[in-house]
Structure formats: C-alpha cells, structure tokens
Amino acid sequence: MTLLSKHVDVAVTAKACHASGAALPRPLRGVIPPMVTPLRDRDTLDVEGLERLIEHILAGGVHGLFILGTTGEAPSLSYPLRRELVERTCRLVNGRVPVLAGITDTSFVESVRMAGFAAEAGATAAVVAPPYHFPASQNELAGYLESLAAEVSLPLFLYNMPSHTKLSFGVETVRRAIELPNVVGLKDSSGDMIYFQRLISLCRNRPDFTLLVGPEELLGESILLGGHGGINGGANFYPQLYVQLHEAARSRNLDRLALLQRQVMQVSARLYGVGQSASSYLKGLKCILSILGICDDFLAEPFRRFGPAERMQVERELKELMDLGIPGG
Amino acid sequence: MTLLSKHVDVAVTAKACHASGAALPRPLRGVIPPMVTPLRDRDTLDVEGLERLIEHILAGGVHGLFILGTTGEAPSLSYPLRRELVERTCRLVNGRVPVLAGITDTSFVESVRMAGFAAEAGATAAVVAPPYHFPASQNELAGYLESLAAEVSLPLFLYNMPSHTKLSFGVETVRRAIELPNVVGLKDSSGDMIYFQRLISLCRNRPDFTLLVGPEELLGESILLGGHGGINGGANFYPQLYVQLHEAARSRNLDRLALLQRQVMQVSARLYGVGQSASSYLKGLKCILSILGICDDFLAEPFRRFGPAERMQVERELKELMDLGIPGG
Amino acid sequence: MTLLSKHVDVAVTAKACHASGAALPRPLRGVIPPMVTPLRDRDTLDVEGLERLIEHILAGGVHGLFILGTTGEAPSLSYPLRRELVERTCRLVNGRVPVLAGITDTSFVESVRMAGFAAEAGATAAVVAPPYHFPASQNELAGYLESLAAEVSLPLFLYNMPSHTKLSFGVETVRRAIELPNVVGLKDSSGDMIYFQRLISLCRNRPDFTLLVGPEELLGESILLGGHGGINGGANFYPQLYVQLHEAARSRNLDRLALLQRQVMQVSARLYGVGQSASSYLKGLKCILSILGICDDFLAEPFRRFGPAERMQVERELKELMDLGIPGG
Amino acid sequence: MTLLSKHVDVAVTAKACHASGAALPRPLRGVIPPMVTPLRDRDTLDVEGLERLIEHILAGGVHGLFILGTTGEAPSLSYPLRRELVERTCRLVNGRVPVLAGITDTSFVESVRMAGFAAEAGATAAVVAPPYHFPASQNELAGYLESLAAEVSLPLFLYNMPSHTKLSFGVETVRRAIELPNVVGLKDSSGDMIYFQRLISLCRNRPDFTLLVGPEELLGESILLGGHGGINGGANFYPQLYVQLHEAARSRNLDRLALLQRQVMQVSARLYGVGQSASSYLKGLKCILSILGICDDFLAEPFRRFGPAERMQVERELKELMDLGIPGG
C-alpha cells in the first residue's frame, strides 16, 4: 500500500510544470550527460543528492540532460519513482537545458504512458531503445517505432544499446524511422563506429537530425566524422572535461583534442574497471559521486554499491588523476 | 487517462478472491501450461477468449496453470492488464488447479508489488526469471533471490530462460536459492539437459522441490530422469497430448512414450516453424487458438499476428496433423 | 627441417596396414571413446602412453575408438603428428574395434588428404565437423558435405560441435547429407536434446544411420530416445562405466540406469570443473590419465597441463570417487 | 599423390629468394592491402592473375602487402598452396614493398613451420591471429605469443580478428606481448574503436610499434587518433583511394578526408552487401577483381563465387560508382 501511494502527490503536480521546458535545438549539439539516479534505498530518491547532482552537471556547461537511461538504472526503478524523478528533474532544471527522458520499456503501453507523463512534466524529448525482451525482427522494430511515434507527442530520440537490449536498430530500420516527423535523433551506444559512419552517410541530407554517441572514448572521433556530441557517463562527475573535448573536436583543434582524449582514456581506464565486473562502470560512477559528496551511491537491485575495498581503490584512482592534473584543460 | 483507469475496478476486487486458491502439491507434478494471454488489442483482454481458453485447458486434465510467462507475453503487457489477467484467471480457475503467476520484472519493486497483488488475487505461487536488462553476476542473482524471497509471501518458482533474459540461474545460484524456505521449484526453459541433470543431482535430497522443463520436446526424457513435469506451450491447444505423455513417462511405459513423443515432435515441427522467425512459436500458438475458435490471435508489440498466408499454412498443418490422428493416444 | 622429416617413415608404412581395419556396424552402437592424444611434447607422441591408453580403453569393452577429435586436440597437432597417430592407432587396435579418424580442417584439400591417409592406414571411417573459421551458410555447408563425400572413400560421420566450430549442421543440412551414400552417422556434441530429437525424427526410416552423442551426461537419455550410443570423453579413463550405462539404457533397465547416471554425474561434477576454465575438461582428462599411470599429461598449445595444485585436487577427487565405489556397477 | 607433389619444386626454391625482402619501417605507416588469393580451382593458384593483381595493387602506391590473411582465404588453402603463394609473391614483389605473411594456424607447430618458410622465401614479417579453435584464456594466449615469438625469426604482427577467430587479444595480453623484442605491430579488425584507443594509450611510449586497422571504414579516424594505417580489403581493387585517404588523414586535411571517406562509405555500402550473406565481402572482392579482368573469382570451400545475378549487380554498382567519379581524388 505504501508503495502505491507515496509518490502520488508528485505525479499529480506534473502538469503544472509544462511551461518550463527548454526548446530543442535541431540538431542538438554538445554533451548531454546520462544522469545517474541518486537513491537512498531501492524505492526512495536521494532528493538532496539529485539537486546537487543537477547543479554540479549544469555548472559544467553541458548542453542537455538525459534521465532514465541505462546509466540512470531506469529498468531497475519502480514506475512511481521514475515519474517522481522526471517531475523533480524538470522542475530543478527549469528550462536551463533540454531534458531528455527515457521511456524504454518492454511494454508499448507503458512506454507511451511514460512519454505522456514526461511531456506533462516539461521534458523536452523522449528517448527509446528497442523493447528488450522478445527477439523482434528489424521489420517489427521499424513497425514498433512507427506505432510509437504516432502515440507520443514529444520529439523522439532512438537509443541503440545492443549490449543491454540485445536488439539493435539496424541501418535500414533507422532509414525508415528518420522519415517519421517526430523522430529527431539517435544515440548510439554500440561502440561500433562502422555503424555510426553508416548513420552519418544516411543522414547526410538531414542536417537537423541529431547523432550522438554513448561511449565517451568515442566522443572526439565521432564529432570529427560529423556527429553532434555525446551522452557520456563521465559527464556526471567531470562535465567540463567532455564539454571541452566536444569544443576541441568541433573546432578541429586536433592537438588539444589529443590532449583531452588522453585524459578521457585515463579516466576510463582508472575509474571504470574497478571490481572487474560487467557492472563496474555503473558502480564506479555512483561511487565517485559519493566520494565527491554529491549523492548517495546506493544501487537498485540486481546491483549493490562497492564495498570498502573497491571504494578505497576508486578514491586512490581519483587522487592520482588529480595529481596528473585531470580533469584540466 | 483511460489507460490509467479502465482496469481499476478489477484490481480493487482482487482481495476478495483470496480464499479460492488451490493448495500447492510438493512437488508439483504434471503439465502446467504457460497460458497465452488472449488480447483484443494492445491493452484490452479478450475476456470471453480467456474464459474459453481456461476451460479448454482445464478440460485436458492439466495439473496447474502458469500465467504471465514468456508465452503469456507478460513483458509486453501494461501493469493494469497484467493485474486484470491475474485476477480474472484466479477467479475463473477458482481453485480447480494451482495458478502460478509470473512476477518477473527488471524492477525489484515492481516484482514485489506484482507478487503481492497475485497473492491477494488467490494465485498459488509466483514465478521469477532473472531481471532481464543489466548483466548481473551469479552472486548478485543469488542475492537478488534472497532479497526477493524475503519480500514475497507466495511460494516462489525460479524460471531459467536464458534465450530471452540473457541471464541464467547457474547451478551454484540454485544451490543457494533452494535453501530459502519459500523457494519451492524451478522451471528450466534453457533446453540444456546437462544443466537439468545437474539440478536433478542437486535436489536429490529435496524430494519436495519441483523441477519442471519448458520445451515440450524434452518433457518425456526429463521425467524419466527424475523431473516432475513441464510448462509446455503446446498444452494451450492440445493439453491432453502432454498430459498423456507425462503419464506414459511417469509410469515408464517407454513404448507408449515413444509413440506420444513422435506426436509431440510432429506438432513442434509443423506448427512452430511457420514464418521462420524467432517469434514463430508465439505467433503460431495464438494463430492455432484463433483457428480453433478459442481466442483472438492479437499479439502485443513488438509482435504482430500472422498474415493470411501464414494462417493458411497453419490451418493446413493442423488439418494434416488431424489426418495423422494427432493428437490421439 | 627436423619437423618436416621425423614423421616420414611412419607415413610411408601406412598403406601396408590397410587389411587390418574392422568392419563398420550399421548402425554403430555403443561407446566409442574420443581418445586423447598422448604427447611427450608439442610435436612428439608419447608412444608407450598411446599403447597403454589403447589397451586400457579396449579392455573396458568399448565398441570403437575415435581419434583426432576435439578431445584428441587434433587442431593443435601438426600434420605429420596427426598422420603418425592414425597409423600407430590403426596398427595397435589391429581391427579389434572400428577406428574413426577425425579429418576436420578449415581447408577442404587438407581434409581430403587426411581422409585418404586414414583410409590407407586402415581406419574404418572418417569424422568431419564444419570448417571452423569462415561463417559459412547452411546451404554452403550442405554443398561442402556433398563435395567432401564425393572425394572421400571412407564412410563419413558428421560431427556437430558448435561450441568449438561456431557452426552447426542444421537439421535441413543433415537431411540433405544423409542422402549421400557414404554419410553413415552423426555425432552431436551440442548438448541440445531438442536438436537430437529432431535428428531422431529425421532418421526414423533410416535404421542404418548412426546417431551418437558427445556429452556423457546425455548418453543414457539419448539411447532411451532412440540414439545408438556415445563418444564420451570419460571413457578414456573409466570405459566400463559408460559401457555399462549404455547396456542399461539399451535394455531399458531404468533403475540400473539411474544408479549409473548418478555415477556419471559425480565424475563430471568432480573431475571436469577443476581450475574453472573453459579447458578444464581437457586438462582434467589428461591429468587423470597421468595420475592413473597411463600416459603423459602434456597438452599442445594453446593449453598447458595442470599445475601441482590442480593436480592434487584431481587426485583427491579421484580418491573420493573411489571411496564412493565409483566406477562400479 | 598429385596433391602431395605438385607444389614441391616451388617450395624447394624458396630459400634462394631471401635476399630480395624489403626492410620493415618502424612503425609501418600506410596502406597494406590484405591480398586475395587468386585461384583457378580449390588447389591451384591463378598464377597470371596473381601477377596482375600484385602489379595492380603496387601501382596504387601502397606501402606493403599482406598475404594469407582472412581476405586471402588462408585457412581454406592447402599448405603446399600457401607455400607456393608466399614464394611467388615474394619473388614478384621483389623487395618493392614489405611483404607480411599470415602464419595463423590452430597448430603451433604448423605456424612456426610456415613462419620459417616465409622467412626463407623473403617475407618481411609474419602475422598471427589467435589459434581459432580452442577457448584459450588470455593468460594462455599471452603464453602462446611468448612461445611463438621465441620460435619465429621474423618480426611478428598480432592480428586481432574476433569475428572469425572468436578469441581476442585482450589489452593486457597485448601489454605483455609488446615487451617481446620481435613483436612489432598489431592489426585490429575488431571494429571496436574503444579497444583501438586503449591500444593507442598502451603504445604511447612505443613510437616504433605499428598499429593498423582492418575495416577500411575506420582507416581515416584511426589515423587521426594516432594509428599508422590500415590493412583494407578495398585496396585490392581501388588501392589509390585508400592511399589518398591515408595521406589526407595523416596531413590532417579534414575536408579532403571527409570527401574521401564518403567515397569509402559508398564503396562499402554498394559492393560488400551484395547477396546479403556473412561472406558477401569476400565474394564481392573476388567478383570485382574478376570483372576488372585482374584475376579469377574462384573461392575455396566452404564458399562459392557469386552466381550470374549477384555478378550483374556488382557490375551495375561498379558502373554507378564510376559515374559518381569514384574512385577519384
């Protein structure tokens, strides 16, 4: 009973915030961090942490905020909590940057419902990955996107994330999807730059269509190739590093880009491999934010926060990075 | 708004049905069909079809009913519809056989909530597969099950379904889970009989622990090896075939078993490969039920029902099976 | 230069042994151990070990011998050594049981050449898995088998081993292959009993076609279903255990089968998991044979024999099995 | 018998060519085409085609030649034919560019033997991918490379090709391998640019260590990031396109790079997808070379050349590329 009611008042207030949403640039250029979801426990937001995190990220000069993605642990969160997060984030951001809200779900109806809620709460756009349970064909995925786009009022970003969803939006599926009027961009987290190059080719005559990459290690090269920016996890804690790298790449300052790329590779090598598990990236991110005093490092099931040994290692790596002058332009 | 409200009255009545649940035999032997979810459209149950389907299945002499599994398209359904299905099914079955309700979700909190609802509605047990998004380790999966079992009042079946969840309950994880007092059984849909043999070994001293297989092609041999039965899709339309096969295997009538196994292989070869896609099993099942006049063949996104060509092929195959005297003991 | 010449005299003598080959029963029933290749170093046979191993295996009452399979490390051996092994084995077996020789290679020409050598050396049949480098389609695999069967004089067994070759002989490919006059059987090491059941269905009208399984854990059930026996690694050291299990299954003595199956599961659980790597089965096998004083435990690259810790664990497990009366009928 | 003897005289002459090998630049920069192996049938070189192909490629200004790679169908060729190819190629190239010869094999001994032969024939370096049958661990792969480097006199390039070998050289394995004195470079065909960035980081203090990419779509960006060039299949028919792209990237002419990259993407999209199978790249390459009158398009088993329909499509695409001015700088 408690589960069902405690998030309700937040939900009800969603509609009132509508006016505050930021406009969506076409294309959307820059760094749009995939925000972690600060949690106190498995069904309670860390509300103060959320506020600090948003201010920390926005202070870094980012160009948008993506909530309820993989980094945001969206699939692990209850629906009421997801709605509370959307509502609070939109209110806290208050139109300073576009807010992109993940609506990915295995259930079409729940995705549509979440998109409707996000629109009412003032989100700028919705982001959708393939439904991640059944082995849908590319033709079925294209049909899925056509049906979904028709039911969703927000601009829609596709989210290619095969490591977690096991399904990819194939190039031909994207070709069909970009014909839909409210499909405005794509985030590619596959790490497959041949695929990304094909998307660049595909969108040559669509200068308004946004192409973003997920892995921060690929942010620089993707911009050199014609991409518009990235949705990069490290921007939760070092937003300015990725913002500077984006600027260096966009202005084709290759020497500066190489310098910043080395910093990005150091961050990635040192901070995301602690604990050696498939989830060490996510656990590392929350651990860093906790060490920096920004928010709690609780992770929803099936994950658990790092233990003391891993936390000490993250602290040590953070200190060594600082000694190396990272981040720093 | 309609989405949010139309299932509500059903939900409210759930509690009243509690008394009608069937007792759970330990172990649970026999055939427990994984019921398809009859749909009129993506968020509307085919209520008459549901009633016909339940009566059709129970008339075949099955030993339980499993709803909201993969065959039931659970991940594709909205939460209100899932709740409506649980409630209506429990009421229609009315204690004649145990009802097992799937509670699998990527969100722990939603799984617990669904289990609570199922308990109130009169379900006999809950069934849980690994959370199917994040790459959890076996140690995390074992911890997940421990936390879940503590929050769920119903007896719990594990559901191993790596083709769709991408995560397996490893043998060591099962070893830890069977120590939990309300973990009472496991359904294995991996098709990996070495794994199943290991589970048989593992449970040698736990005669009350239920081991069931998913693929109907493996029902006979699994019982010969010490398994207790199956959760077999074909029992949606030919329940008596699988019930007879179960009996032949249990009574070690190997000649009769071989005869029935041939019929099962014919059903599988002819009916589940139409259309040649990864989803042809699910589409075939619903198409057969529609041809038999039992329920609608609508499938929730990302799938769509068979077109006329595939439907005609299914009709033809059904007729040829009938001409071969299948099903028939 | 040494590499090229040291095996030559053996090769030259191959032809003389032709007369000694055993006839091939159709179907070939029973246990046909996939023999390990005893090595002194990476390119030298352990000749005395080979003789002891063959006599140890044959004394267990097996029904054939399979050399140059995965368990025989064939892909890791030089061609001259492979030829020496074929020649010596045929001479040592001397027609007491059929000798099946692996000819699998990524190169068609080398497979044909090895088959020709095996025929001259007196082997009874050749065994071929899919060429394990390029992603051939099923249609290409079927064409491959047709071309190969035309070039090979020996009876041919197909070898399905997807874990190592990454390619499977699909059911339709097998359907085409069994039409070829010298394709006489198939060994399935996939562990997928649905696939095996389909093969059983496929061969219902071909009582002369041999169906064997690889994994020893599945030997019993495969025979109950209509299979003819197994190519089981454990028969390198406990040949009589698998021979007895084969007899129990063939005579449908289900109680005795259950008893022996428990022993097989104990052997598998205790002896093949030491060291926890993907190669622990192969390393374990050779370690056991070394402990039993039968042959050297040297493994060709990329593998290495167990170190002292793993060897001690294998010794301990062997002793515990003996204390449990395993193997023993 | 014919198989065994017909390549012999070529083999015997290998040693005499030793003096003609080109020196190996450290690092090796530029485009080093992975040459297809022109065949008349499954065990006969297209000798005239080979000569025309080599001259065609060298006329394009390439910086080396890689034979017996995946594109060269090495695993599908007999050993005598592989040796004949090495010998003829070294003689025809005659020191004009470095010749890199693939020595990958599942058998360590055969790899060493091929490396010895290549050295005698005048090859400049040897190239080795992981042994592609057994599931070796990273530690075993590192030990494998250490043993191999000790036995091989030629400079050694590692070849990362997980799509075909199923095993990758992990970053830590490469870290160990680059300590070996004759390990001089790595070709990465994984398409995983995060991995490639990690290698760039790893080799920051090893300016003599060569890093090359396989996929031609990634040639430009890899050079911008610090890579040295590519081993790109398209350079078999349009060598100058990839040479020009290499130059544009190396001189950081980003506008010209973008223009050439578009041409590369057109080539890739139009020519490598004909026939839609996993092998269409390889079949397409040989078909193009046949259309251009350079060499025969016979493919060794398990593949077959394109049929008339696919060949006509390739002709059409080639013509359309020409009409678009591709290739052209």
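Which chain is which? They are A, B, C and D, in the order written, and residues in each are numbered from 1.
The working rule: a contact is a pair of C-beta atoms (placed from the backbone, for glycine too) under 8 Å apart; a residue touches a chain by one contact, two chains touch by 3 or more.
Note that the structure is predicted; figures quoted are calculated from it, not measured.
Student: Could you tell me which chains make contact with subunit A and subunit B both?
Tutor: none
Student: Show which chains lie in contact with subunit A and also with subunit D.
Tutor: Chains that touch both subunit A and subunit D, as defined above, do not exist here.
Student: Subunit B to subunit D: how many Å between their CA centres?
Tutor: Distance between chain centres: 51 Å.
Student: Suppose each chain is reduced to the average of its Cα coordinates; what separation in Å results between subunit C and subunit D?
Tutor: Once rounded, the distance between the two centres reads 35 Å.
Student: Report, in whole Å, the distance between the mean C-alpha point of subunit B and the mean C-alpha point of subunit C.
Tutor: Using C-alpha averages as centres, the distance is 38 Å.
Student: Could you pull out the residues of subunit B that touch at least 2 other chains?
Tutor: Residues: none.
Student: Which part of subunit D faces subunit C closely enough to touch in the complex?
Tutor: Residues of subunit D touching subunit C: 3-4, 42-43, 70, 73, 75-79, 81, 106-110, 112-113, 130-137, 140-141, 143-144, 147, 163-166, 277-279, 282, 300-304.
Student: Write out the stretch or stretches of subunit C touching subunit B in their complex.
Tutor: 191-194, 197-198, 200-201, 204, 215, 217-218, 221, 224-226, 252, 254, 258, 261-262, 265, 269
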